[in-house]
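Here you go, one structure.
The first chain written gets the first letter, and so on, giving A, B, C and D; residue counts start at 1 in each chain.
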Amino acid sequence: MSSTYGENLKISIFGQSHSEAIGVVIDGLPAGFEVDMDELGEFLARRAPGQGKHTTSRKEPDRPEFLSGLAGGKTCGAPLAALIRNTNTRSSDYDNIRDIPRPGHADFAARIKYGGAEDVSGGGHFSGRLTAPLCIAGGIALQILKEKGITVKAEIKEIGGKKDGFLETVEEARLDADSVGGVIECVIEGVSAGYGNPMFGGVENKIASCVFGIPAVKGVEFGAGFEAARMRGSENNDEFYYEEDGRVRTRTNNHGGILGGITTGMPIVFRAAFKPTPSIGKPQKSISFSEKKDAVLEIKGRHDPCVVMRAVPCVEAAAAITVLDIILGGKN
Amino acid sequence: MSSTYGENLKISIFGQSHSEAIGVVIDGLPAGFEVDMDELGEFLARRAPGQGKHTTSRKEPDRPEFLSGLAGGKTCGAPLAALIRNTNTRSSDYDNIRDIPRPGHADFAARIKYGGAEDVSGGGHFSGRLTAPLCIAGGIALQILKEKGITVKAEIKEIGGKKDGFLETVEEARLDADSVGGVIECVIEGVSAGYGNPMFGGVENKIASCVFGIPAVKGVEFGAGFEAARMRGSENNDEFYYEEDGRVRTRTNNHGGILGGITTGMPIVFRAAFKPTPSIGKPQKSISFSEKKDAVLEIKGRHDPCVVMRAVPCVEAAAAITVLDIILGGKN
Amino acid sequence: MSSTYGENLKISIFGQSHSEAIGVVIDGLPAGFEVDMDELGEFLARRAPGQGKHTTSRKEPDRPEFLSGLAGGKTCGAPLAALIRNTNTRSSDYDNIRDIPRPGHADFAARIKYGGAEDVSGGGHFSGRLTAPLCIAGGIALQILKEKGITVKAEIKEIGGKKDGFLETVEEARLDADSVGGVIECVIEGVSAGYGNPMFGGVENKIASCVFGIPAVKGVEFGAGFEAARMRGSENNDEFYYEEDGRVRTRTNNHGGILGGITTGMPIVFRAAFKPTPSIGKPQKSISFSEKKDAVLEIKGRHDPCVVMRAVPCVEAAAAITVLDIILGGKN
Amino acid sequence: MSSTYGENLKISIFGQSHSEAIGVVIDGLPAGFEVDMDELGEFLARRAPGQGKHTTSRKEPDRPEFLSGLAGGKTCGAPLAALIRNTNTRSSDYDNIRDIPRPGHADFAARIKYGGAEDVSGGGHFSGRLTAPLCIAGGIALQILKEKGITVKAEIKEIGGKKDGFLETVEEARLDADSVGGVIECVIEGVSAGYGNPMFGGVENKIASCVFGIPAVKGVEFGAGFEAARMRGSENNDEFYYEEDGRVRTRTNNHGGILGGITTGMPIVFRAAFKPTPSIGKPQKSISFSEKKDAVLEIKGRHDPCVVMRAVPCVEAAAAITVLDIILGGKN
């Protein structure tokens, strides 16, 4: 099982990079919600190729086609299904990848798992393209959350180890036929205290479980995260105080809005680490399945030197899906 | 829902710090396995209080009582249940915590969620004591994995931001009536390539989902983790090569044994960040529920200045439970 | 949550009777299986309208379009998605149903649940048309099971309380502007002993849980079923004996191939009771939501006086999906 | 996986007939509910041996011991765990069963599944004794439902095919060293319209999935059930009308309170068929595993000639657990 997520809101993502279409089924959306299609389109455009100055957006934005789940423009209680057609034809560009797995990519693992039946074309089901249906589901979840007073906002904190000059860092990597990764921080505001559960049903468990579903994520941390491990308790503990409006808040937010797996009413804050794009122009050492010996791989074509810009809405999508899933389950 | 985990191996943990008992039900263990009770006892002893030179072990080790799931000393296919009696009587030590929530602790979130019905005594179900039943399940899982040629080994990488001199760092914190956290790394060897799934069914998703169930964990990363976000693709990508025995391996292991959510046959490597123990001797600012105003909290009694030593077997337990759960599901 | 099923093989069904399309996502299919599209088409044709002599098949068979999950004609490990376009335009035929719920139909319950946002057109997501995607998933599961030596065969045992003359019984009902239900029996052969689990993980629980997902099913029984409740133990108990080939079998099969939730190697046998089609030509007493008073409903158009013939492949589909789900999980 | 049930309320049952103890962990109970222990004791007494005139109650009622989940007598949000000690010592009564499986019992299937590691003593985990922890969970669920205005009441409709004279029928079977089964009907009142979901998430699916977890159940039907399959639509369809209080109800309840998987506000009605107790005094034909040939089995000791009386509270328990699980999930 791979591509389903959620308990109260269940999403099932399908598609390969070069299959007829990619898409998502979303089961459990509240009935009667009017999806703002323009807003959704703008959200999806944020993950389309060409999010930085250094590249030119050459592709039309992907337009989802809605197959079910709406009646009169509103959610009707039935599962919502949407697809995006793949316009790329199956090319022979991937013939060498079938034999020589790309370092850092899923090619090798997929070959062992599926015994050669896997769809290698464009990365198949492992392609970053599969984040488009994630963003359809996430974009709708964001709208529903907004109506409930909850906002989800992600931003880049680091690229290639630097905290600014992101486009320059990416451009340098591109000129070197190389790639860079980065860190994205996501802040969720407006979730009241009392959601989530201790141990395995915690908000951290659920968010991590979804965010690790975005390709290239290798780490997830909440609040002060790994930095908390370097603090003393007296520094890391967030003092409680009464706001003038009678609400209890904390002065700092090292706990990232979650204590004991349960929301405290403070903003939920997490960061995800993205590894650098594995497909790079430089020649790389790998192996040849057919010849059963070491081989050098040269990947043809242009490659995205950094997915971090396009991953920002994907992180928001994963966060929104998780939070809506949690909220639909109530506080019990 | 909170304290259940797993798909093929289901564990259900119960108990509060001061309830009659704590324990675990494990459903799905393979039948016919003889649990080595001595080995299990030694494993459990590793998480008992007093794991460092700086403290004296004053408590008898917790001895689990097995209620079901065994016949003639072997697993019989029925759910295995084990409990550990709590010998602490319900004390009045926690009366002030009922009114003044501890910063960094679950007290406040639990109060909002359970409306005052929560068991605050000793931290209730949020207590680190609940890692004992986790270790019962994990200790059994470790033995089953060992029989399959799989080993799980965790160790401390950092305490209080330092990479050595752990006991000194802890002792300093203790003398300051303060606490420190740390980072634990876990290595799982012997899992063959092809387990796991893309997207939400990935090995990373499943491990993170379990490890965040250990109290105080605020971050989880795989392979190079957050450091990967600072590398270039050419550095981070792990080259494949043929071993003399015909197996394909990678020369480095920045991917931590998982690509595309699927195992590659390389060791699975992850790190978990533990925040410093929230209960400290220093006075802390908090609020009083009853007086609806800010208040100062002074926590009585001795407190563990660092849980990281005792958390090492807990991380192994969580890893072993997850890996056994994955392996029992097969590679399809 | 409504339209997802399965643990190892997860299906997610979408669509409304008059939405753009209906379809299914199937996650967890073994990779490398070549789906026989002609055989699948023939299977789907069995549930198309006009399965009896008394009606004329006026509709083209629904042809599924495959969006993903196949590469080179074989399953590739990625989720398989298929859809069927709805050719019916949204008509105004259902305007009165929006106000006056049909007795025996989901109209009233859906109105309360979805607050008027539900898609009433053609029955929306509750339509029998949604069994088409069930049959796509089931048809593929049947082919995979066949390769494993497992066959699933359903047949009608009763219509309108009679054990033969089915078409005459249906025709009589039709002439009376009425409808009839019936009983379908399903036999699954070739499942070896040892699958399933005691209590809630039993084969009976899982089959029932899926078969009750077919609209109009109001009862499910295994082996001798309700008749077993009228036997004595000495009659109902199935004697074991050794076959000449060394296999243990039972002389009778009142247990329907399942004891203690676990398969015995005997054929799995179950029956499902289908209520008569609720949409009938006769005027019926109901209520008007808008006028908040009792009202008489007259349903326009032709209606299927009996769904039982068309339900036979649906029962096979549900059985095949469940059995494949169980088998993919293995015997542990 | 076998002995866990539920999505919002998760129960995990453990124990064998002759293990140290049997019991249950219940995760997800609303916090702050005071369990009436006397009422629970009375409920449990209803499934204790000796519910009919024909037998003498020789055993003390099983008294559950509560290990966790309560604080000050009320549920505290943490998982509730309860156990019942087994007082029977492991006897050698079951030595012949280990070799000669009882017809109609799980012995044979368990032997194949667990390869001889299964606990045959007293039926192990398959024993009817495991309905005691089911009744602990169910008894608590009943109390919570009662507070919400929901009642669950089961009664015997048939024993040995007769609709009255139950004790005489059982006594006749006993005198013949034989056994009888029966049919239990359960009525759940007070569930408002709008719970449940279409297709696999229906109330019927969920109830059936739990009720088939009671040993000996071979059929489950809702409302008119199998009889509906013999009616015409005009008979089976339940007319809607407005009550004087403004509520919509149906004049008949052939639909058993569920249409399209969703509650209608009418009483939920279902029946479960129990097969006759497989353990009977008469000699029966079976096989010997050790000798690999046919063999005759004579079961020693007294045996319950009918479990139906004791099964009544078990059906109520399963129904209550399911309904509470559904209600805790809300109507979305």
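Following the convention adopted for this analysis, a contact is a pair of C-beta atoms (placed from the backbone, for glycine too) under 8 Å apart; a residue touches a chain by one contact, two chains touch by 3 or more.
Note that the coordinates shown come from a computational prediction; the quantities given were computed from them, not determined experimentally.
Colleague: From subunit A, how many touching-chain steps at minimum until you land on subunit C?
Modeller: Minimum step count, subunit A to subunit C: 1.
Colleague: With chain centres defined as mean CA positions, report which chain is farthest from subunit A.
Modeller: Max centre-to-centre separation from subunit A belongs to D.
Colleague: Centre to centre, by mean C-alpha position, how many angstrom separate subunit B and subunit D?
Modeller: Chain centroid spacing, subunit B to subunit D, equals 36 Å.
Colleague: Calculate how many whole Å lie between the centre of subunit A and the centre of subunit B, each centre taken as the average of the chain's C-alpha atoms.
Modeller: Whole-Å distance between the two chain centres: 26.
Colleague: Would you mind pulling out the distance in Å between where the CA atoms of subunit A average out and where those of subunit D do?
Modeller: Distance between chain centres, rounded to whole Å: 44 Å.
Colleague: Can you tell me which residues of subunit A touch two or more of the remaining chains?
Modeller: Expected reply: 1-4, 7-8, 13, 28, 78, 110, 113, 125, 198.
Colleague: So in the complex, the part of subunit A that touches subunit C is made up of which residues?
Modeller: Interface residues on the subunit A side: 1-4, 7-8, 10, 12-16, 19-23, 25, 27-28, 31-32, 65-71, 74-81, 83, 110, 113-119, 121, 124-125.
Colleague: Quick check: in the complex, which residue numbers of subunit D touch subunit C?
Modeller: Subunit D residues touching subunit C: 1-5, 13, 101-106, 108-110, 112-113, 125-126, 130, 158, 160-161, 173, 176, 178-183, 193-202, 204-206, 208-210, 212-213, 215, 217-226, 228-242, 246, 248, 250-251, 254-256, 258-265, 273-280, 282, 284-287, 292-294, 331.
Colleague: Once bound in the complex, which stretches of subunit D touch subunit A?
Modeller: Answer in residue numbers: 7-8, 28, 30, 78, 198, 328-330, 332.
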